[in-house]
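Here it is, the structure, as structure tokens.
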């Protein structure tokens, strides 16, 4: 009796997630890919030229680059849901859920941003001898980090008023899009830097083994992000249900 | 806004409900007020009388349901609604750093009304503030501020009046002034609508009908 | 929350007229109470003195670019190549850091005051969101420009910052003023609705200004290039100007959601 009840609850909570990925199979798959990336990063990929520690330092790329890319992707996902929240009929039943999705994307973006900043700083410290160089990428990511933090500060300040919080946070996310988009195209041109982006995106410099591990890493991180979003969203739904029962 | 005798005017709430977060203030309130009527909204403290009036005024979007105001058969949006109504409420405040006259002149200009000196004096006289127009609102007593709110609400001569706690802080003369405002509203050629939110036994008798708001199911 | 409604014909006075009426009211109240101008002004002048004290030594420091030195190194050649370590573009950068802090110390006042005293209700009943935004933006811009006009000459005298090419200098200052006032206005509206303290205002606004400051430093570099090519001026100053314009565009689209409940 109790188990069936729990199962229906889990089912209703699960069905409303909009992502097409359902069930457990892909999570096992993700685990395998992640294991492959960790193994591949140290054993499959060879030593890169032009980096310190006999090129072993370059192995951080498999973890740094996917987090850095995800940290900006998350922002656009958050902004997308924020825009939907604002411009759709306010009495729409899913309005609160759309807001939750926006907030979840921002929280995870903040997390990936921290990871990218730390891994980037470790790389910079070992490669260039200083953990902070005012390189355009470093500046961009730390600005991104602050934008995420401000967004979360605003949400925290409005904790008691969910409707106001949803609306004002959405407006803030969209306004912050203005500086965020300069980070993509203007900032790298404003300041000269030595970030090894070119090495990564010029085809001839990347060995096939590197490519396989890097692309697998992108896949694994993206799936990880989706899984984490789903978990956060489920937690959100259970929490609101609990509050509804109590209130 | 001066409307002609033929003007049709209607105000209707349909299944209006509001909630702050998970807390429901009220839900499924429906009523329609006809022209020439005075409607009294009653309910215990915290039942959401003021929230309902804010929703009717278009100052707050309802969580569910809708408010429909039609002027000459045309439905008005929540922002458009505001030019047809006068609103007096405890949450309404005028600028303390300006004088009463400056306040009225400022809001009149915003609303596109030209206010001559005589008009201004007439409006201040109407609410019993003659001779006090040059005082800063910051120096006003709470009763005088309540009177000035009436002068603000009546600026555009609106066909709909929404009065939340209409006689708060008012003395006997002030209450008589409010009674006169409501009586004048009934006498309008186009038949005005008045909605009061109150629990005062005396004010309950002013209405033709009552809407009861209560959150307890 | 409701989608923006076409409200130009809602009130009989056009929204530009309403915006100017609101601006006139704010100016009148400001001249009476002088809250915003004194907050921003005193903050800026006090910071200016702090800055003057802290940078007194910095002015003396001179530096030489190693790559520019001639092969037979002489003392005369060295002295000829020496230039102040703290050059005009970075002086301008510091001036703008000061303006950014000053703006976020005082420019929320015009919204916070309406919100705290409860005059928002009367304002919402009488005018449209567009008019309020425009009025407040203009008011903040005027306050900021007044402070800038008062402070910049003092700062120039104190630190020896030169004006470079005057036309470009003024364009950069104006573009910067617009960008800063625009950011301070929309964030002020947000902070006022969030019933935030000054700390929240700064925390929300200053991260947005980091990119703005980078664009500004870039444009400041152009001010001091002798006979800078027109293309570079347009690119650099235009980049700075675009920040303000984008923030204003975004604000016009979104202010409705902040203002209405």
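As written, the chain order gives the labels A, B and C, with residue 1 at the start of each chain.
Definition applied: a residue touches a chain if its C-beta (ideal position, glycine included) is under 8 Å from a C-beta of that chain, and two chains touch if they have at least 3 such contacts.
As the structure is a prediction and not an experimental result, all values here were calculated from the model.
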Most central chain, Cα average position: C
Which chain has its C-alpha centre farthest away from the C-alpha centre of chain A? B
From the C-alpha centre of chain B to that of chain C, how far is it in Å? 41
Any idea how many Å lie between the Cα centroids of chain A and chain C? 32
For chain A versus chain B, what separation do you get between their C-alpha means, in angstrom? 50
Note: chain A residues in touch with at least two other chains are 90, 163
Junction residues of chain C - those touching two or more other chains: 1-2, 261
What residues in chain B touch two or more of the other chains? 61
Which of the residues in chain C come into contact with chain B in the complex? 1-2, 5, 7, 10-13, 18, 21-22, 25, 28-29, 32-33, 117-119, 121-128, 131, 260-261
Help me check something: in the complex, which residues belonging to chain A touch chain B? 90-91, 160-163, 240, 243-244, 247
For chain C, which residues are in contact with chain A within the complex? 1-3, 186-187, 190, 193-194, 196, 200, 203-204, 207-208, 210-212, 214-215, 218, 239, 243, 246-247, 250-251, 253-254, 257-258, 261
Interfacial residue positions of chain A with respect to chain C in the complex: 86-87, 89-90, 139, 143, 146-147, 149-150, 153-154, 157-158, 163-164, 167-168, 170-172, 174-179, 182-183, 186-187, 190-191
Interface with chain A, chain B side, in the complex: residues 20-23, 61-64
